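Labels run A, B, C and D following the written order; every chain starts at residue 1.
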Amino acid sequence: MNNTVAALADIVQNKEIAPNIYHMKIKALDIAKKAVPGQFLHIRCGKTLSPLLRRPISIADTDEKTGCVEIIYRVVGEGTRLLSQTLTGHKLDVIGPLGNGFPLPEKDAHCIIVAGGIGTAPIIYLAKKIASEPKNKNSVTTVLGFTTKSEVFGEGYLKFPGVETIIATDDGSYGYKGFPTDILERLLQEHMGKTDPIIYSCGPKPMLIKVKEIAASKNIRAYLSLEEHMACGVGACLGCSVKSSRKGYKKVCKDGPVFEAGEVELC
Amino acid sequence: MNNTVAALADIVQNKEIAPNIYHMKIKALDIAKKAVPGQFLHIRCGKTLSPLLRRPISIADTDEKTGCVEIIYRVVGEGTRLLSQTLTGHKLDVIGPLGNGFPLPEKDAHCIIVAGGIGTAPIIYLAKKIASEPKNKNSVTTVLGFTTKSEVFGEGYLKFPGVETIIATDDGSYGYKGFPTDILERLLQEHMGKTDPIIYSCGPKPMLIKVKEIAASKNIRAYLSLEEHMACGVGACLGCSVKSSRKGYKKVCKDGPVFEAGEVELC
Amino acid sequence: MKHDVDLSVNIAGINMKNPVMVASGTFGFGREYSDFYDINKLGALVTKGLTFMPKNGNPPPRVHETPAGMLNSVGLENPGVQGFIEEEWPHLSELAIPVIANIDGDTVEDYHKTAKKLSSLEGLAALEVNISCPNVEKGGLAFGQEPESAFEVIKAVREATRLPIIAKLSPNVTHIQKIAEAAVSAGADAISLINTLLGMAIDIDTQQPIFSRKFAGLSGPAVKPVALRMVWEVCEAVDVPVIGMGGITTWQDAVEFILAGASAVAIGTANFVNPTAPLEIIEGIKAYLDMKGRNLQDLIGAARG
Amino acid sequence: MKHDVDLSVNIAGINMKNPVMVASGTFGFGREYSDFYDINKLGALVTKGLTFMPKNGNPPPRVHETPAGMLNSVGLENPGVQGFIEEEWPHLSELAIPVIANIDGDTVEDYHKTAKKLSSLEGLAALEVNISCPNVEKGGLAFGQEPESAFEVIKAVREATRLPIIAKLSPNVTHIQKIAEAAVSAGADAISLINTLLGMAIDIDTQQPIFSRKFAGLSGPAVKPVALRMVWEVCEAVDVPVIGMGGITTWQDAVEFILAGASAVAIGTANFVNPTAPLEIIEGIKAYLDMKGRNLQDLIGAARG
């Protein structure tokens, strides 16, 4: 049963890679071995009673050989601020890997991965995993959207064979001008009729809503990674609900964070 | 009126000088200029809401030239633990100097300063100040008591001309065996009839009670530095009361922390 | 002065090998935390609150962090008593520790029916009757806010079951002692407290309350001083055992509650912060008693002089 | 879209240039914090609680830290109304901002006499009647816990003075709205809340309660969610202005209270943590309103929809 691990992991890197965006590496072999793309860590950012709760942060990569688990996070509040100030050589109190992951394509497929802002983090791991799967011949296109050039990150992490990366900025200051969903629509147009496309997406809610809409209208499978405020992170508190398309609620931490677009109602 | 300063001071040193005892230096010129021995700083040890309250820590020395203010503290709980982990180069949120100070001898006197454990901190500043006062010809004997050899600190800080230091340990593992108050009694015996003695003391309550008793029985002036849990530290909350020998309560933060032994009831 | 510390305690017939249970609603139905440790090490397990019919709970957001605490507005999402019996009881009944079902209702009748149905479960250790949940439309909080309604609910449950009844009280009252007395006179075999304090939060960007139901329940370390005071008050008023909870995060917190008179403690929000908190608290109490050369029984109420 | 933000507010005839006051008992009589800033920048100042006769207060310890909060058991140490008039009023009366005297009593008669005596002071802005202090033997808490006794106290003060009356409520009640309604019907011109929550702490080394009076008052960030909820409730129940307090530490906290319906806020425990907190809160509210292009009046109760 022991799928989730509580670990005091050594921090081996914690550096700012873009304004307020940090890339942290920790040593947590048990987690590195078990994790799949889309899963997250639940992190105690401070050592005192305030902030109290853990913070969910996606796994951005793992390395089974070194036992490293990587995360990329944006400083938005007190928890992430404390995290950004944590020093290399110190320990990080994490539990994970948590949640389900992105279902990988079962057969050859064209995977279009659409990420917005910090939603890029889990996408790096996902793209790498799909591209490195030797059995299938998947092609992967990642579309990363940011508000402006100075916010852009992640391109460098996505330079694997088999992965094409397209960047869009809202203001056109880098890459294409527009939303990543504009590019998604264009890609789908181009690829229609070729190998089956699968869409994966992680990012701000308005983007996910648009992705869901596009996927539904074209009848394409899409997997969305959702966010909701969490307490336990393990399915015990029922705090992180998202409306199910059928009845009642699903738990983002346990039933998700990745859902098939049709399973959940976003809004 | 501006006697008390709120400062975000640069930490220039924070090092362990004995097990769990730290010596910190901060740059706070305004405080260095105003402080007198016996006063304290009220320190925000963390940056979050827990621990919430500031911690009172005595001023252990100042240097008007460099603008440095020094403190020596023992790690006993969460606040002091956080303080010990604060890094050089970072800022410390302090207010001070607070409280009254030890009244310095007005004329030539033999000053016997009795300290127990971490009570040594303010005594360093006091001894230095008395010994460096050019107008008077005071002699200073400091008596420092510790439980055991490994706890001893402060001797090195007290090597000024005119200051003699005697160390006692409860178990005799360093210096004299016994309590510092045993030595106080012996010193008073020896000095009787010579220049007027004045006693200054800071340390655990049982020691202060004993000092008060000795001073009263021999009719010698004694000044005691007291501790009480504090909220505001500035006299506004009435949280740090000590029973007055006359009527009602005194505030340790504002009326003290230094009291003439006869003013207050200890117990 | 090593001795074999006796941590066991019997609460209204519930035999616990140690006084540390987990609080309702913070431990699901016991599956989730098994990843972290053997939950058979707990003193007892209390289930998420059950209602007669299944409940979907409240729309998100359901949790919000506050200084040293959290607000929740889960709204008693649960599979209903039948769903519980089918889906959860099979694995719960295999545990070696007492399992206590927490029950709730919109009406007195609901409580009665739920209690009756659960009474058929062989091996269920007790019912904890939540007359204090602030997150549902009807009933819930209101029942626990007046002695009369508290009496009514507990009496209805008493008539439905022979299982030990633990009445779980709301802290949102003027006179907690009166509610406790009413619950005991209606047949409660033990009292547990506190449930969450009623609080709220407002989003200053949208300028709207965070929660759709406006008010939510405050738990976590922030509430500990209030919880401890109420446990003290209730221990003064009634003769039945008291289970203390509210912000317990460390073994030191737990010892405070026991010194105040609690025979056992429950760990709630702390599970979210530190999944192995209950174990560490058991170990800490044990070491403390060891140091003092005492057993748990000697500690209960020792601060009451 | 820069505009000149109007931060002013009039509460029951008290003209404040901004809505930020300091809470009774956390600011002495205004001398201590003058070292840090010009206290004439405050919206108003509320004195430490005054009783007719001087009071020594409770023996130490009087304060104890809790998670994101603190317990206090000061016990209304104060120089009595005569002492106040002689020692404190001379410097207070020279302030350019409204000064509000907080009063307390063991009996209804005490309140009446204190109010009467203070009414003679020219320039005193208002009386805040504390019917909620948990730290004294008689009266205090009890008065604020039932509508009837709350009514009685406020009525007695009403008969003693023409000054605006602010009734300061205790949060340790089941139905805060009923107490607020009683206070208003007895003649209160405004309501302030919350006073401290009743809590306690136990020393696990001595195994005794920390405080000689066992229970003490909980304040600070920990209580904010409860305070905000009660402010919301009271704003729903009464038509007089409400002064919100309880754990306000940042301007964001203050904005939450104002959105909930408070016309002004008071800063208490936060003064101890950050002596310039009130100033920073005034600046923060101003910048927020500036950004929204609104005045204070537009903000009051804006979350009530």
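Assume a residue touches a chain if its C-beta (ideal position, glycine included) is under 8 Å from a C-beta of that chain, and two chains touch if they have at least 3 such contacts.
This structure is a prediction, so every number in the text was calculated from the model and none was measured.
Using the average of C-alpha coordinates as each chain's centre, B ends up farthest from subunit C. Subunit A and subunit B, compared by their mean Cα positions, are separated by 55 Å. Here the spacing of subunit A and subunit D, counted between their Cα centres, is 47 Å.
A separation of 34 Å divides the Cα centre of subunit C from that of subunit D.
In subunit A, the positions touching at least two other chains are 49-51.
Residues of subunit C found to touch two or more other chains are 67-69, 220-221, 249.
Arrangement of the chains shown, judged by which pairs touch: all-to-all, with no pair of chains left without contact.
By the touch criterion given at the top, residues 67-68, 221 of subunit D touch subunit A in their complex.
Those residues of subunit B that touch subunit A in the complex are listed here as 46, 48-51, 78, 82. Interface of subunit C with subunit D (complex): residues 66-69, 71, 145-146, 172-174, 197-202, 204, 207-209, 214-216, 218, 220-226, 228-229, 232, 247, 249, 252, 255-256, 259-260, 288, 302-303, 305. Here subunit B touches subunit D in the complex through residues 1-6, 44, 49-54, 95, 228-243, 247-249, 254, going by the rule given at the top. By the touch rule above, subunit B contacts subunit C in their complex via residues 49-50.
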